[in-house]
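Have a look at the structure that comes next, please.
For reference, chains read A, B, C, D and E in written order, and residue numbers begin at 1 within each chain.
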Amino acid sequence: MNGMLFILQGVVTLMLAPLMVGLVRFFKARFQNRRGAVPWLPYVSLWSLFAKDMTITRYSSWVFRFVPFVLASIALVLAFVVPTFAYGVVPPFLSNLFLVGGLFAFGSAWLVLGGMDTASAFGNMGASREMTLAALVEPALYVSLATIAFAAGSWSLDGMLAHEAGLSWHGGALPLSFALGALLLVALTENARYPVDNPATHLELTMVHEAMVLEYSGPYLALLEYAAAVKLTVTMLFLFALALPFGLMHVGASPLAVVFWYIVRFVFASFIVAFIESVIVKMRFYRMQEYLSLALFVALAGLVLVLMQQFSF
Amino acid sequence: MLRLLATVLKTGSKAEPVSIVADEHVLGENLRKAVTALCGGRALRIRHVDAGSTNAEEYELTALGNAYYDADRFGLSFVASPRHADILTVSGPVTRSMAHALVAAYEAMPEPRIVVAVGDGAITGGIWKDSYAVVGPVSSLLPVDVEIPGDPPSPRVVLEGLLAAVRSASRK
Amino acid sequence: MGPVFLSGACLVGAVLAAFLMASRMRLASLASLYAIQAMLLSAAVAFYAVAHGDASAYAVAGLTFVLKALLIPYWFVRIVRAHGSSERLVAYARPTTLSFGALFSVSFAGLIAQELARASSAPYVALASSIALILIGFLMLVSRRDMIGLGFGFLVVEAGVFALGLALTGGMPLFVELGALFDLSIFFVLLVAFARRAQREHASLATDYLRELIG
Amino acid sequence: MTATLLVCASFVSAFLPLRTRSVRAAVLMSLAGSTIVLALGLALAVPALVASASVASGLWYLDPLSGLLVLLIVFVGWTAAMASVSYLSAEARESVVSAQQVRHYGALSALFVCSMLVVVLANNLGLMWVALEATTLTTALLVAFYARPGSLEAAWKYLILCSTGIVLGLMGVMLVYAAATSAIGESGFAVLSYAALLHSAALPPALMRLAFAFVLVGFGTKVGLVPMHAWLPDAHSSAPSPVSGMLSGILLTTALFAVMRYKTLVDHALGSAGYTETLLLVFGALTTLVSALFILVQLDYKRLLAYSSIEHMGLTTFALGLGAPGAVVAVIHLVGHALAKPLLFYGAGNVLVRFKSTKFDRVWGVARVLPYTAGLFVFGLLALLAVPPSPLFVSELLLAAQAVAAHAYLFAVIAVALVLVFAGFARAFFPFLFSRDEAPIQAHELTNERWNSAHTAMTLHAVVLTGFGVALFAGYALPFIMHIAAALA
Amino acid sequence: MLALLYGGAFLLSGAAALAAMALARSAHQSAVTHALLILSGLFGLAASVGYCIELAHGVVRVVPVYATALFAFFVTPLSGFFLALVFLGVTLTSWYALGYLPRYHTHYTLPWLDFATSLFVLGMVGTLMAGQPFAFLIAWELMSVAAYFLIIADGSRESLTAGFRYLLMAQLGFLALLVGLLLLAGGDPFASWAAVAHAAAALPPSARLGAFLLLLVGFGSKAGLVPLHQWLPAAHPQAPSHSSALLSGVMLKVALYGFILSVGLLPAVPFSWAMLVIVLGLASAFFGVLHAVVENDAKRMLAWSSIEHMGLLFTGVGLLLALPNLPVGADAAALTAALTGFVILHALNHSLFKSGLFMATGAVVAQTHTRDLDRLGGLAQRWPLFSGAFLALALSAAALPPTGTFFGEWLLFQPLAIGFRSAAPASSLGAALVLAVVALVGGLAVFAFVKLFSVMFLGRPRSSAAEQAGEMPLLLTLPPLAAAVLVSLSGLLLFPLLAQPERVRLLGLPFASAVLPGAAMSSWGVVFALLGSAAAAAAFYRAFARRTIRITETWDCGAPLTARMQYTATGFSAPIRFFFRALVLSKKTLVVEPVVVTNPWIAKRRLSWATESFWEAGLYRPVGRAAIAISASVRRLQNGAVQFYLALVFAALVGVILFAL
């Protein structure tokens, strides 16, 4: 049963990942008072990329060609490892928070290698920025996750979710609100969304993530875009599963409720991302330090909050 | 932020109802069908190169993304790199300075690729034809699949042109 | 007016000579004062020998007289003149200042000797004069800025130590005194040799030319 | 008997080179003479080293410590004569020195050795003083050996300062004499016999305290204790290198030996060692620190080596202030220094002959131009910096072991000084040896260095040094050293 | 048997030194020396393996190697582990040297270098085997001084300056060690470690604190702890690369061993001391990695990263020391096991990947003749295998998931996180801060190594030197490759043995995993998951993608690109330099020389730029200047005036007489 659920969870995530991207775009279009493309356009788009030829710069090496596969495989692992609607199914040794953090960093590192292997200043610039963000986001990432883990008493993402599921609204999510807030800030950074990066920009000077993939084309580009979509999906779904721990799949849960709440979270997560991107502006890159230290401080405040609850001052 | 949000909510959807721009809508549908027929389903990604235009064409192309024309809903999107693109739109007569950039962008595009010359300048060289600063029309450098005449062509004409482009591509 | 008193008187006389030496700026005058001082010292030894009936002290007195009162001043002047060195000496301070310095040395020596006399059985005058000689010698060593002046300064210190030995123990054993005199004469020979070389190299005996080696 | 023979032989050997015709003959004659002295010295000293009791016979007094000193003197005298063979030949070849000068050099060196032997063997303190002054006089001319501008100045300062110091030492001798006559009640030469004084009844403490003060300052001048050290760098840097080796390696040791003798007497008279040890500790620490500061900013390699001698004398003096265990340290340190420093000076001689300058900024990349010299030089340098297997490592380790608890603050001074010395040496000598950047060395300058007698002398030093060090590390030499150091207690 | 093997290893390194001297004039000198060193390493490894087998069978014993009247050499389980590191490092680097040194036979004086290398190895082995402070100090000093000759091997001015700094710090550290150990031992350098521990127990607390601080300074200065680290990045890179590998990869571990050993001699470590170690460790890790990020010299960047890793190791040791003082309750045993596992695994991993990286960088330098990252690039296309090995090593150094280092560091991260579960609120918050710093260090380490690899190997060559690099010989590729393989294996093979292992089943497959309270990790599981996903992605790609590839120029909006338009290492790290500009002082100098007198705008402008460490400007330079200034003023004592000297003598006399009276 657990094994089935484990596989089901991963497969569902993998299936729905492009939809999340499409939904975000859809909501953004609506915020811009446009009709926007259909939410499943990313599927079409990915497929058409897969069916195209590729052009590769002559200055790139084997590393450039490895990058899409590495990122895709990381996305695959993340899809299975990060719980999105069921808990208690992922093997504990795979859902360790440090492993997830490590995989994020690993992915960033490879993406940066890909950006650096283009011999183009665009890719290089994106690489430098991406690397900076990936490095500086680590403290906030770990402290906020560790805060949740501390409250849950478990260092697996699975365990955190299980803990949340077992708690009431005020006993669970509320004390963790700061930690979740920090995690949201981290998630936006990790997924290259506003206010850190503009995923829809055409201006190279403001690019972070996009600049690194400028040189990729065809199936490689598809793999990269897909990997990015999976990453966005798992982080957002996990975050909102923590924040809205209702209808999580476990033994005895009603499948209808699970599906209902899953859809709610999915749509809500997309909406929130689109909402944030519609109402705030991108920050200057050289002010990222403020943003990331804010994330760290929020995470630390979250820890204090949880400590206060735990030691019941 | 809140003010912005309020504005957004107050304004509501400004996109013209489909019925009003029915012909555009129909045209877009045709295009999408053609594209679907081409490779079994794709969203079209466009890379635009301004090879020396007066920027009139650019204004019109920009209008494709606004709430009125909203080309996004037809699966058309502009992208940041020719390597991501299916269609290369070129405007203006190709100046000597931009010739290399234009060819480089074309070179970087993976097959299948479509070149669209947007505007009279791109098609014939327009009033700058035979100028010492101009190499010539786009066709002198690249195999142009579709020409969208007009100076500048309106967004609607551009959409029609793109449809023709895809049709020509599917005939190949 | 026993020999002990005379011996003391001679020592005081030697101090006086040394006091004058401290401010003299001419070679001849220094040499003759040194000769007088050495004469007085050997007389002091001689009187001591009379007082204590010490046979070896006679020999010391005699040798001291010959070497220090006659040979050294004579050769010093002679050789320096033979090289054509300047007989006009130089110092860091003016003669009056030097005199005051010497005066201070003498009074200080008196004070120290008072302390010392309490600790040992040696006569106060002898102690005071020998310490005064040493101090004046040091004053000369520190204040003179030519090789001749320094040489005489050393000789005065040496005389002071010699006198102190006399005051404390009635002189060292003969063998040691002989050795000391032998060493002194060699020292003198070397001094003169170096002076000659300095004259040849720098055409001057001033120590200002001997300040190259620093740090 | 052997002692008399040894002193006479060393005296007579002074005349050997005087009769020769050529430079080569003169230096070889000196070497022959010093070889004889070496043989006699070994015959005298080796039994003395292992003897259980000291031997006082007439003029001479021989205990394990003086035996050790004799051994060092004849050995270094011999290697110096050996190093002189190549050094003076090279100098003569370039007409820097004349044959006459070489003959005088041989004679004076022999007399120098002779006077040092007398110092360490003398039973009579008066004789010891006379001989110590004689060391100054014999070497003053050697310091003034060259017709270079600095030579005269150095010799002159050496003469004046050391003579003044020795005269102050004479006052110390006098005070001891006064103390002895007042205690024993008789006067005369025999009263100053060390052996007798050592066993005599209580000497008056007040006079002995004063005597030690004079001896320390007076002989300390000769040892090179700060602030009486000023002559030392000048003299060491101006003298011919083998002579510098002797001055540094054994003359300072000999002078310190004299201080040690007085310390024993004074401690004996005072009944405790507190007084002398305090003085020695303070002078030792001060000397080490000040010389270390000088070493840090030194620009001239022979002067740097000279300051290092001061530093080592300071360390030894400090060790002597640490009581009986300190004596062991001092003995090891003296031997180590007496073996290492001449090695370096001989090497410096080779460098000087080749590069014609004693300034660091004119000498680079010795290792490439003079590989043998550089190899041996590095060895000596590391030995001097107390890198294992140098005996100095053991002595400094034991010094720390003794001092760290008992005199923490003074030891802190020593520790700072040791770091500064290391810094100074490293900063100056390693570029000197290994630098490749400074001036491109022409191909013709890289002609292979030939093995010469200075190398042999250095090798001998290195071998003895290593042997001694290894013996110490393996634990064989320590009982032996303790036996020698017992003479100091 | 073990004693013979260990002794054989010891003697063989000595024999290598003798061979280097004896064969100085032979053409085969270097090969023979390094062959002997390899043999020594293999002997030692054989002994280590034997020892491990014994330990695995529960036989814990001390292996006596050699003893004299004054001291003894023996191997304990602790030193056995570090010995294994040494022998591993020696084997790898000497193997590499066989291919590396012949290229440099005119550049270095090989007999000298090999002699110093052998003595260096001898010193390290001796240090680890020493049974008393006496033997320890001898071997330590031998090691330190021999290392100096490795650093100055090329005789350049830069090397000599770096060597000077090194030697100075080494001597300072040595003195601190000497005094510290003597304090602990009660002044007896010949006491055995057990006796020293006994004597230390009887010391008053103040003396114990003094000894602890001195030992921290002594070992910390060798290990490159802030603020005693400044010599390290200057010195390590100057050595020939195989020696840099030994210095950075192995010697630093000897310092760690010394610290662990000497802390073990103390009866108990108060919490505040442990905090000091943690803070110093974290500061080192942070400053080390920060400078590694902004450094542009490939080898120096590796040296900075060594500081970082030593800082992490010391943090681990500090946490171990702090644990007994924390109310961690039932978790104590698990946490101790995990942190111990971290120290062991990370020490091993660091020595492997750092040796490997130094060797690999040395190979790159040998081909391109530059260490300046701003002049490298484009090498991955030319040397795919080599660059693969380098990338594996770099990812290991960045502690990213599938590498052994990640699993090692997990054993630090995870206990840190767990540590604040049962502790008091204050220490929980403290642990969170430590975690934040360690995380930041981890992130920056990724930055540093991604930068290193990408600027060195990716894109286009940034100079003709890099462009004209020849074939990479196999002899230079294999040793780093071996290191890369070993560091990967360490995660797979060693990690499951550490912490509290248990077997878990995933999809029917058994996985050995390390388990801590509330957390688990399996290296096999992670590796399989990643490999499996990669296989799936590749299979998907093969099945569905159109794989027609056309090679084009890089697209850049138009203008023809040159290699100089790429980001340099300097540019790549610019954001970090900006964000940390208070700690990494950047100095830009713009020199403007007008070309025409009449028009100031027509000018030649030259911009030079350098970074400087905060400590360099704030600590080292003032101290150095003060020392020189004091010396210079004391030097005026020797003013050449004999009169003044005489006055000094007189003053001394007066002083002594006053004391005497």
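Keep this in mind: a contact is a pair of C-beta atoms (placed from the backbone, for glycine too) under 8 Å apart; a residue touches a chain by one contact, two chains touch by 3 or more.
The structure presented is a predicted model; accordingly, all values stated were derived computationally and were not measured.
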{"item": "For subunit C and subunit D, chains touching each", "value": "E"}
{"item": "Furthest chain, CA centroid comparison against subunit B", "value": "C"}
{"item": "Which of A-B and A-E has more C-beta pairs touching across its chains", "value": "A-E"}
{"item": "Geometric centre distance via CA averages, subunit E-subunit D, whole Å", "value": "43"}
{"item": "Mean-CA-position distance for subunit D and subunit B (Å)", "value": "96"}
{"item": "Whole-Å separation of chain centres (CA-atom averages), subunit B against subunit E", "value": "57"}
{"item": "Whole-Å separation of chain centres (CA-atom averages), subunit B against subunit C", "value": "114"}
{"item": "Shared interface positions of subunit A, touching two or more other chains", "value": "51-55, 204, 214-215, 218"}
{"item": "Multi-partner residues of subunit B (each touching 2 or more other chains)", "value": "81, 83, 107-108, 110-111"}
{"item": "Of all residues in subunit D, the ones touching two or more other chains", "value": "153, 156-157, 160, 164, 168, 233, 294, 297"}
{"item": "Which chain pairs touch, all of them", "value": "A-B, A-E, B-E, C-D, C-E, D-E"}
{"item": "Subunit C partner contacts - residues on subunit D that touch it in the complex", "value": "124, 126-127, 129-130, 133-134, 137, 140-141, 144, 149-150, 152-157, 159-160, 163-164, 167-168, 170-171, 173-175, 177-178, 181-182, 187-189, 191-192, 206-207, 233-234, 237-238, 294, 297-299, 303"}
{"item": "Complex contact set, residues of subunit E against subunit B", "value": "548, 550, 552-553, 555-560"}
{"item": "Subunit E - residues contacting subunit C, complex", "value": "635, 638-644, 646-647, 650, 661"}
{"item": "Residue ranges of subunit A in contact with subunit E within the complex", "value": "3, 50-64, 68-70, 72-77, 80-81, 91-94, 96-99, 101-103, 105-106, 108-109, 112-113, 116-122, 124-125, 127-129, 131-132, 134-143, 146-147, 149-150, 153-156, 159, 204, 214-215, 218-219, 222-223, 285-286, 288-289, 296, 300, 303-304, 307-308, 311"}
{"item": "Sites on subunit C touched by subunit E in the complex", "value": "92, 115, 138, 141-145, 150, 207, 210-215"}
